[in-house]
Amino acid sequence: MRTTVPRFLWVPAALAWLLVAIPVAGLVVRVDWPNFLGLVTTPSALAALRLSLETGLATMVLCLLFGGPLAVVLARSSLPGLPFIRSVVLLPLVLPPVVGGLTLLFLFGRTGPVGGFLDREFGITIPFSTGAVVLAQTFVAMPFLVVSLEGALRTAGERYEAVAATLGASPATTLWRVTVPVVLPGLMSGSVLAFARALGEFGATITFAGSLEGTTRTLPLFIYLESESDLDGAVAMSLVLVVVAILVIVVSRTRDLR
Amino acid sequence: MRTTVPRFLWVPAALAWLLVAIPVAGLVVRVDWPNFLGLVTTPSALAALRLSLETGLATMVLCLLFGGPLAVVLARSSLPGLPFIRSVVLLPLVLPPVVGGLTLLFLFGRTGPVGGFLDREFGITIPFSTGAVVLAQTFVAMPFLVVSLEGALRTAGERYEAVAATLGASPATTLWRVTVPVVLPGLMSGSVLAFARALGEFGATITFAGSLEGTTRTLPLFIYLESESDLDGAVAMSLVLVVVAILVIVVSRTRDLR
Amino acid sequence: GGSDSGSGQQAAPARTLTVSAAASLTSVYQQLGTEFQNANPGTTVKFNFGGSDSLAQQVVQGAPADVLATASSKTMQTAVQAGKIQGEPVVYATNSLQIAVAPNNPKGITSLQDLTKPGVVSVVCAPAVPCGAAAEAAEKAAGVTLTPASEEQDVKGVLNRVQTGNADAGLVYVTDVKSTNGAVTGVSFPQASAQGAVQSYPIGVVNGSQNADLAQSWINFVRGQQGTAALQQAGFVTK
Amino acid sequence: MSRLEVDVAVTRGSFALDVSVTVESGEVVAVLGSNGAGKSTFLGALAGLYRPDRGSIALDGRVLDDVPVHKRRVGLLSQSALLFPHLTARDNVAFGPRSTGSRRRVARATADRWLAEVDATALADRRPSELSGGQAQRIAIARALACEPELLLLDEPFAALDVDVTPAIRSLLRRVVRAAGVTTLMVTHDVLDAVVLADRLVVLDAGRVVESGATADVLRRPRSAFAARIAGLDLVPGRSCPEGLRTAEGTVIGGVHPEPVADGEPAVALFSPASVAVYREPPKGSPRTMVPVRLAAMEPHGELVRLRAGVPDGGPGWVDGLAADVTPAAVADLGVDPGDELWFSVKAAEVEVYPAGR
Amino acid sequence: MSRLEVDVAVTRGSFALDVSVTVESGEVVAVLGSNGAGKSTFLGALAGLYRPDRGSIALDGRVLDDVPVHKRRVGLLSQSALLFPHLTARDNVAFGPRSTGSRRRVARATADRWLAEVDATALADRRPSELSGGQAQRIAIARALACEPELLLLDEPFAALDVDVTPAIRSLLRRVVRAAGVTTLMVTHDVLDAVVLADRLVVLDAGRVVESGATADVLRRPRSAFAARIAGLDLVPGRSCPEGLRTAEGTVIGGVHPEPVADGEPAVALFSPASVAVYREPPKGSPRTMVPVRLAAMEPHGELVRLRAGVPDGGPGWVDGLAADVTPAAVADLGVDPGDELWFSVKAAEVEVYPAGR
């Protein structure tokens, strides 16, 4: 099919892209290139990068495992009060991340209702652990997956699921063999959004999980700290973060969206 | 159509929802109810709330005006290097907001290339102005609109646009009378996401726009400052933020998504 | 310090003074701002609170502030080196460390040494930020090596941990302990005044300010009687 | 091998369906009716896609009302093919067997068998987006048959099929349905489908059954206008009178009563379009029934030309759609064009008046 | 009022279309062909939805190759209705006029007029999701007509329409097309549509034109198997020989040569299914052409029954699809069932051998 993008859209589209691209390009200009390699390969920087990738991946998986079902329920069930239930899911988006971290701390901290119970009964302390990082990231990243996936599910409609049912497919079979493949683009872009958001998460992590090299100090925390003392290092690592994100996004999206 | 949500999805869905809902509920418990009204109606609090709503709305409009066209271009054109162009749009998601704010400052500050030009030629100073807040929020919120809208455009497909063309509709007419109405759910949820993200934006704003009462001190900044001295006030205002967000989301989504 | 309250400028036309100040100065400055306005009718003081580093960057990038008051000499130096401060900034207050513990000090902590006891969860600021550098200096002076559960970004983070019971002790400033109104108890220790452990608060007029005279009178006001009183009230040591 | 007993009411927006039908085990029923009569809605209700307001569906005594769609063993071929876009044609057909427990190898073999049946083996590895309309329809038929349902529902299965394929698929369906004895309901607009495949016809109108009976009976002696149209007969509703039939606005159509009908009873007059004579001017003194019409359409019909009547200004509504078959020579003589006013006439001896259906 | 000159090649995946056709101003051409022959692809290429690999499309001398879709003034009714889901039926129909500059009031009036033409006035305020399949198809037809294109492309316009509506819409199209003199291409699987509406037929097979000519000529004397099927005739391809025609594997079919055909030239043998006699056993000593077939399907055909041949084990491929029309009494006498082996025979006097088309 040949359709045309109206010509007058190109100008605002280009401006929008430039608004995002130029500051990022500015970052590239700002980098202290002669020392770049040295700046980004310090042990602390590498530890932060590794932790960020690991926790980002874990977050994405958790978002899929839990947020995926939630999106299906939101898009397909007819629970009473659905608009309210849905809007609660969006709250981590509006909550300033620091406040989000605080609420997690109130709940899972050593004196909070859940954290206190875990501490007393099992001796498990959540804050200051890598698990806390994943929890904080999942809290802020979940809405991304849920919203994009729910949108995709709604746009795709239920027609194919109805057909599958008339062919004898149980709801579970229908889910795996029809729903998931049909909304795959939405699932992919939702996952990418969630991963990206986890990769950039700062406020909730530092408030809830703390900042300890190798355990809880993810790349954004590292960059922020670095920026206090060594702006060059911070800029260099920001660029690394940007490159990692671009790689992840390009790889995951070129395969499945086109 | 009657389709069923597989039963085994309910458990993870409920857990996902609770992960978000319980911390927020914790916030409610934490509020110092007897003083609540007093805390949230101080002139500074009201100024911050008003500024947040105004800039959030302005951001949403800018995202629609510029990000909307960008999403159409990404979904409908066949530019070379599209995956790269698209992934750049996602960068504000991964960039820690503070780094994002810094890059904006480098660019639009009075000594930056763009800001310097504006200052010299027109005497316009961007940092410390409400415009800077909107700029920072647009920078971080744009990807939300672009990604959800592009997904919706792709899922909706080009069939209806092709039909419109055979009926003699120009690309512009097709855009307004076919594309936009068909992807309205995606447009709505993208706008809500962008608005919500703008409402919660903190790091880029405080770094780039500063925190001046009535001019650049939005609600999250206010909450942050307040938390230095008065955690109760911060918690109370967080709750206000949450309620505002829920209202906006419920109102905008119940109307158009069902 | 001087005692000129700036009350001689009553006839001045309506003017706005923009003060970029470290977030830890929020309550003191807000209080002083009101007093300054009362003393100088027709003047409005606007505050831009934030992290010292951001504030310095903003000034360097030409943000239209009149006064810059950071929470460390190092960040002030950033602005000075960029030629953005008129003359020499002055240090008008200092702040020193205390060990913040839960009210009534349930773990019985009395010295830095106690923080290394098993079962005591401690937190400090990261060495890269001023309060962390101070903590490091104090540690060195005391000859102990702490193994903190977390190296926080700022004092507020440390305070938060102690306040919410997630940490048993944390190194923060006296002013921070005071600001909690008894939510945490401060334990003083001798090494707090060691070389490099004391935080200083410099202030200066921003180059290119449209209100340089008003800015200067704000500095004088902060260093004056009312300013000193308020700062001391908050726990600062004034100079 | 299942007897179907249905008595349901379904509401869709402003449309209400209320149908009660019994289909014997292994019987094939053609569901006829004009556009919007509720045929698709009826099949959807049987498959469980719409929740009935009241009533019940039983298959061999097994009450389906609360059985979820996928456990009903009811196969539905819907009006649009709706092939799964992410699966190849073969996997689309294998979907049903796989879902009901067949192993992958077996399901693929089953799929290949059905693809061969609909003459689509060459298309097995194509995606739906790479198929033409008729090819997709064939795959959809194979898919519906491959899960071997107890009750098969087919919504216009032959639309989009070409002249080569239609008879082949028709005979395939006949073979499958007869061999397995699957109880089948089939929506169609083509009388040939009904004649070839169906034991019985059910005619819906505005959501209700207006006629039902053995195919041959209904086509020979329709009682609803729609069934008459399908059967290629002219039908005029009214009430019986001694001379034949009196329409609602009073025209009397002369006719015979092959079976006794009480005077004033609701009745229908039936006659063949071939027995209708057409005039430009009403012939004087003729004993025949004459009605003025406006010519709505002309179409070839075998060797003859079928003239289709419309309502002339101020004329009675029941003439709408009446057909008259005349020779091409007669058309040339008359020199008619659509829009012209004509007179249709029919001899009483060729009109049969029957009691109207329930 | 536009003469259409097309000569294009289009590739879609593994399918290649290469068509060259000229349609005179105001002519109506029926595009026929089996499923997947490339009919929809052809129309899509004319409308500008597929980019041709080479070639050119000219409408009244105006070269359309680089004209964007919306400026071509080519109306396309595609195979699925694709009504805009967010607009009411009326607004769907008004879309074209609005887009080409009519004011709102005028466009609505135009829409209402077209809705009345397709007998859908009552549906004007419905959304597409509230329409039945046939109702949606009618609105789609109204929508395509309402923008008064110079070239009208109709892809199976009558699929899904009921028996009442089909003749009405057919005559509507005839009226519109004749009155406005719109050049029209129409894809159909129903010979009646072609006979009623088309001046000319174009038959596609595997992306190429295999036959084209005036409707009556093609139906009387088809040269492709598909056109013969459409026309209801039996066609056997081969090469001319003195006795009639010799098929590729050597069977000789006796026949007459109404026009001279050189010996050994490619030719087709044409005969009516009614002239085919059917036997259980080959009668001894008959002078007729006899071929063994396997009975593939049986269908009523008017008063007669049409038997459709399949290829028996080891038999020649060309018998596939041959039809024989016999009386129901003969069927009863023969006692045949699909799958049985039979003999088809035809007298030489009833077989005409013509040179094969280009």
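Labels A, B, C, D and E are assigned to the chains in the order they are written; within every chain, residues are numbered from 1.
The criterion applied here is as follows: a residue touches a chain if its C-beta (ideal position, glycine included) is under 8 Å from a C-beta of that chain, and two chains touch if they have at least 3 such contacts.
Since we're looking at a predicted model, the values are computed, not measured.
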Touching chain sets, computed without chain E: one piece
Count of contact steps on the shortest path from chain A to chain D: 1
Contacts common to chain B and chain C (chain labels): A
Far-end chain from chain E, centres as C-alpha averages: C
By count of C-beta pairs in contact, the leading pair of chains: A-B
Distance between chain centroids, defined by C-alpha means - chain A, chain B (Å): 15
Averaged-CA centre spacing for the pair chain E and chain A, given as whole angstrom: 55
Centre-to-centre distance between chain E and chain C (centres being mean Cα positions), rounded to whole Å: 87
Sequence positions of chain A contacting 2 or more other chains: 1-4, 102, 106, 112, 159, 162, 165, 170-171, 174, 224, 227
Residues of chain D whose C-beta touches two or more other chains: 48-49, 68-69
Chain C, residues touching no fewer than two other chains: none
Interface residues, chain B side, partner chain C - complex: 98, 101-102, 105-106, 109-112, 115, 119, 125, 127-128, 206-207, 210-216, 224-225, 227-229, 231
Footprint of chain B on chain C - complex, ascending: 18, 20, 23-24, 26-27, 46-51, 54, 57-58, 60-65, 156, 163, 179
Complex contacts: residues of chain D adjacent to chain E: 12-13, 33-37, 39-40, 79-80, 130-135, 137-138, 155-156, 159-168, 170-171, 174-175, 189, 191-192, 195-196, 226, 229-230, 296-300, 302, 308, 321, 338
Residues of chain B defined as touching chain A within the complex: 1-13, 15-17, 19-24, 26-27, 30, 65-70, 72-73, 76-77, 83-100, 102-104, 106-107, 112, 114, 138-139, 142-143, 146-148, 150-152, 154-156, 158-159, 161-162, 165, 170-172, 174-175, 183, 185-186, 189, 192-193, 196-197, 199-200, 202-203, 220, 223-224, 227, 234-235, 238, 241-242, 244-246, 249-250, 253-254, 257-258
Contact set on chain D toward chain A in their complex: 47-49, 68-71, 73-76, 78, 82, 84-87, 95-96, 98-100, 143-144, 147, 149
